[in-house]
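Taking it in order: structure first as structure tokens, then the write-up.
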């Protein structure tokens, strides 16, 4: 029988908190915590678009991801000092950008870019899912700012979006893995879902033994439950 | 009603060919074609391991991926000239490496690295799935070389592995998308499966509307059919 | 007559807070705030030294500095994405490292490196002086950890160290400039002093008209007063 | 008495083949083989010119060169992963570009760039001379495409161009060195000649003892013979 | 009692020479020597300004600094080969640029950039102060060229500028440290002053024990004396 | 009839000067001038060899080349600031290294590297040939230093080496082209010869019309004459 930290049930999220207006300069600024994982998600509105959107009348949403060097158990090299981002960093920031764009009508955004920065202050597993979940709230705040400022007239956000990790740990499908669980799981999956329950992204990897279709079904059910709860927390945060 | 090039049925692979010993220096060298997509996969045996494996008695399998600049419709910049690999390249080469390691017992490999290079000669959709499928055959040849040379005594390959793309195009779930189909699909998924039918990796992205659990089931069924056929072709190639 | 935000007197510090154990992995982790400027300073103990200290029996203290992209009024490029650190970043991290080494007896540190990371969460002027002031507290915590773990036997810290900015704004010498003041000052000076009141570093620049010896004297007096108060706050934080 | 592989005479080329339309996207695509050396040369037509030609009404021809990591006996690092091209790569691609421009009337090309990519699939000596020889054919195909499409009206190609290596091996002047011969020669020379027999480039290096004027004369005679034969093969390929 | 090389008194400069028109292409070209330290300072006039000045009607003055690899006792890596400038190089070139801009009225410069290059031919301490001192003369020559050519009508130079190092060596405040003195000093300070005697920059660092206010006063007095003498030498050079 | 600057005959060198001990730190330091082209060549002795020579008992000779940004008519970007060396720079430094190694018996050098730096102070054509010619003298001085210090016992220098450019300008073969001649020539050739008159390197490029065998013969005769004279000047300089 598996024992989870804090006595969590296998289908239970860690304590999630979403704190808006965490810093003062950004149009959206959210500190999201999934247990001990803490990510600062800021949304910056830029009055320009990348070359492939110039003159299109459409906007763009993009994301960058970073980890403070000592967010982790042992210090990792600072990417700015190494002179390049790791493959992992690039994968994650591309995922965050794709996920957010899935719920934004770029044509309602005008030629603005919303640039999301997700910086991990402390890592304990699930940094990419926390990033997506928090980034949606920061994005919403930036969109509200754009509307309040009269820069756009129609809300480009079509639905909410959030993400959660699921995995099979010691044979048991579990929701929202922390670092220890993630390091010991057989299968690790990140699932991005809209508020309406549609799948936007599934990324599942067998770390040890391959997984079966049945495992997959169990994991996706857990993910849907988890993302449903995250959606409620996002809504509550945005109404606060 | 959708019309596929060459009159393919929705659940049909493109013509796949696997040509071994394509170049003469590498321990394994395979030209794999999925229709017009052609990838040269070489496996190089190196008598050293990366730092995290030094002194462990275990080996390593890793992969790099590249695209010749004019493998595509319009010329893309040469990554060597730009001075860095794109995020897409890094994502793909990490995926190939993970997929291959899933079927290799690193402890049976001794302190050798098998370095896989997948270079796309011509691209028409599915370069990453062709790469994994061809790389497995190149890896097998490199392992045979190691055993023939007496450098290892136990076959480290635990199962075969192959990959295929699936997607929903104009509402129809389809197997092995070519470039045109891939550019127009709503959902695009790459699935990596072992010869025994276990899932090793699922990467699905909704390009347009989110997908449902039912879509997912249909796509995974197609993928399992396709990878089964690829496994047969891999076996035939290795017995030739 | 100049009006400072929050009704500050010219010789008054902003509200300073020093919060230890801000993140959980680092041997020392301090969130330091000088008004709206917030910097996370972590100290990581590494069981190795740079090449020029190898075999010397001595340790090393070094620092890196970074700014989250949206710590500032307008978003700045992420240095990791640009692929290099700016000249400003390098100047600041070299300054922080020199300042800390001035109060550490490297021979008492054994062959350990204490790697300081100063990451600016929110910027409102004075990020380098806040960094030095907070880094000293993080360093102290890392040294305590080393002694508690029995890795060193003699405390290598010889004195405390802190830093403050001073400047002439509209003709008035002022202590601890915020961003607006810093943008409008004629002379901008950063002063690093030990707890015993010795100067470790002075960096003064005339932004507009050159400054006189009399200006300089007034500014250094202010700096000594300010650093004296910071020393008290550091001591209180370390005793908490 | 020297023994050449395949019983070649000292003044004999290796088996040369030139295969057009090797890949489908490029305006010119040629696989050229000099014995076991195989290079894919593609010519891409771009509707733009580099800055120094903007507004001049003239076009440009440029080349890039690369080697697949396992084209060679032992795997070399992928230049894209190392983040820069070697000096050797840069030297070769500059040579290819200069050689091709020597036979092109840039003013007849309009403001188009023909971008040549020479990628070595398998290396066995003479990759730069094979590249130039194959690139000329790819360039010709790209020019035909431009004329067929009505984008230019006058053929900018003034003459054909090809290149061969010559060297003194064990005292004997020899034509078209393979890798083993090249590794053991005293003098190694690459000669680029037009179809009309004019010298465009000579690059000769004494690897061991310096060479005399008499050696030089013998080598240049061999080169002229060899390039004459290559010209015939280029013509035949273009008429096929 | 300290013995200085060449029997210098503590408050004495090394032999300083300023040679104009040292190379022939640059609008200003000065070889400046402070004893054995020799720096070539060239000023290039460019008919363009950096982005932040475009359309402003104002010009810009900027500087780059480099050291020939064997300017020093032991060879240092060539920065161009390493692929980046060190933090020290960046600090120095930023300092030179700031110092020169302090005496230039950018609005009188029109949209021209004066680009200063300071390249150290031989180093023996004080390269940054020699650079600033020589660069001022090169800048003056470039300004004269601009006026002679009728490209500007008003002299943008408001005052002269020069710099000197001072330090406490074995307890004695000294002027213009050579390499040996610099390596053994307790406090090392670089001071930039205008011809009118105003401070533009002070950068002081305690290498060993912290310095007191009294030390500081003594050092600044020395610096003022030294820069006064440098100003005379600059004037004489410009009148020659 | 062509008019050369300073009334030079077609087969005449520019005024060449070779000044030893130009800077004080390097084991060999030579300022070489070919007319207005001035290059500082230093030779640094390092007590280490590159990886491919480690443990071989043999030494190494290598070269780096650079151009001060304003050595030329218009300022070129500083390579250290751009973050990489151009292809031209790499070509030249590889050429210098090869040329010097052709006259050095590496086995007599012990495990020392002689690192040559050629830095162009002023450019007026022929920088690479001046570099080789001056570098030989600097190398000789470094070898003398090694013998004087007792670090090697046998002189590793087998012969002298020098280089000159030749070209066909307005139909006339000419020796030692200056910048204007080089910019207007049809054929440009750099020739490296030993003191004994053996060819070490020939690099000839037709800039305009291809050249004939007769042109080539005339150019090589000129080059032999010129290098003969350079050899005399090198000998005189070394005996001074």
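Note that the chains take the letters A, B, C, D, E and F in the order they are written out, and that residue 1 is the start of every chain.
To be clear about the criterion, a contact is a pair of C-beta atoms (placed from the backbone, for glycine too) under 8 Å apart; a residue touches a chain by one contact, two chains touch by 3 or more.
Treat the numbers as computed from the prediction; the structure is a model and nothing was measured.
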(request) Chains touching subunit C and subunit D alike, please list them. (result) none
(message) If more than half of the interface residue numbers appear on both sides, call it same; otherwise different. Which is it for subunit A and subunit B?
(response) same
(message) From the centre of subunit C, which other chain's Cα mean sits the farthest off?
(response) D
(message) Please identify the chain with the largest separation between its CA centroid and the CA centroid of subunit E.
(response) B
(message) Looking at A-C, C-E or A-B, which one is a repeat of the B-D interface (more than half the contact pairs shared)?
(response) A-C
(message) Rounded to a whole Å, what is the gap between the Cα centroids of subunit D and subunit E?
(response) 51
(request) Using mean C-alpha positions as chain centres, tell me how far subunit D is from subunit F in Å, no decimals. (result) 28
(request) State, to the nearest whole Å, the distance from the C-alpha centre of subunit E to the C-alpha centre of subunit F. (result) 33
(message) Two-or-more-chain contact residues of subunit F, please, as numbers and ranges.
(response) 83-84
(request) Based on the touch definition given at the start, go ahead and assign the chain network to line, ring, star, complete or other. (result) ring
(message) Once the touching pairs are worked out, the chains link into a ring; list them from subunit E, going toward subunit F first.
(response) E, F, D, B, A, C
(message) For a test of understanding, state which residues of subunit D touch subunit F in their complex under the given definition.
(response) 84, 87-88, 90-91, 93-94, 98, 102, 189, 193-194, 196, 198-206, 209-213, 215-216, 220
(message) Show me the residue ranges of subunit C that touch subunit A in the complex, using the header's touch definition.
(response) 23-26, 29, 36, 38, 40, 42, 44, 46, 64, 66, 68-75, 78-85, 89, 115, 117, 119, 121-122
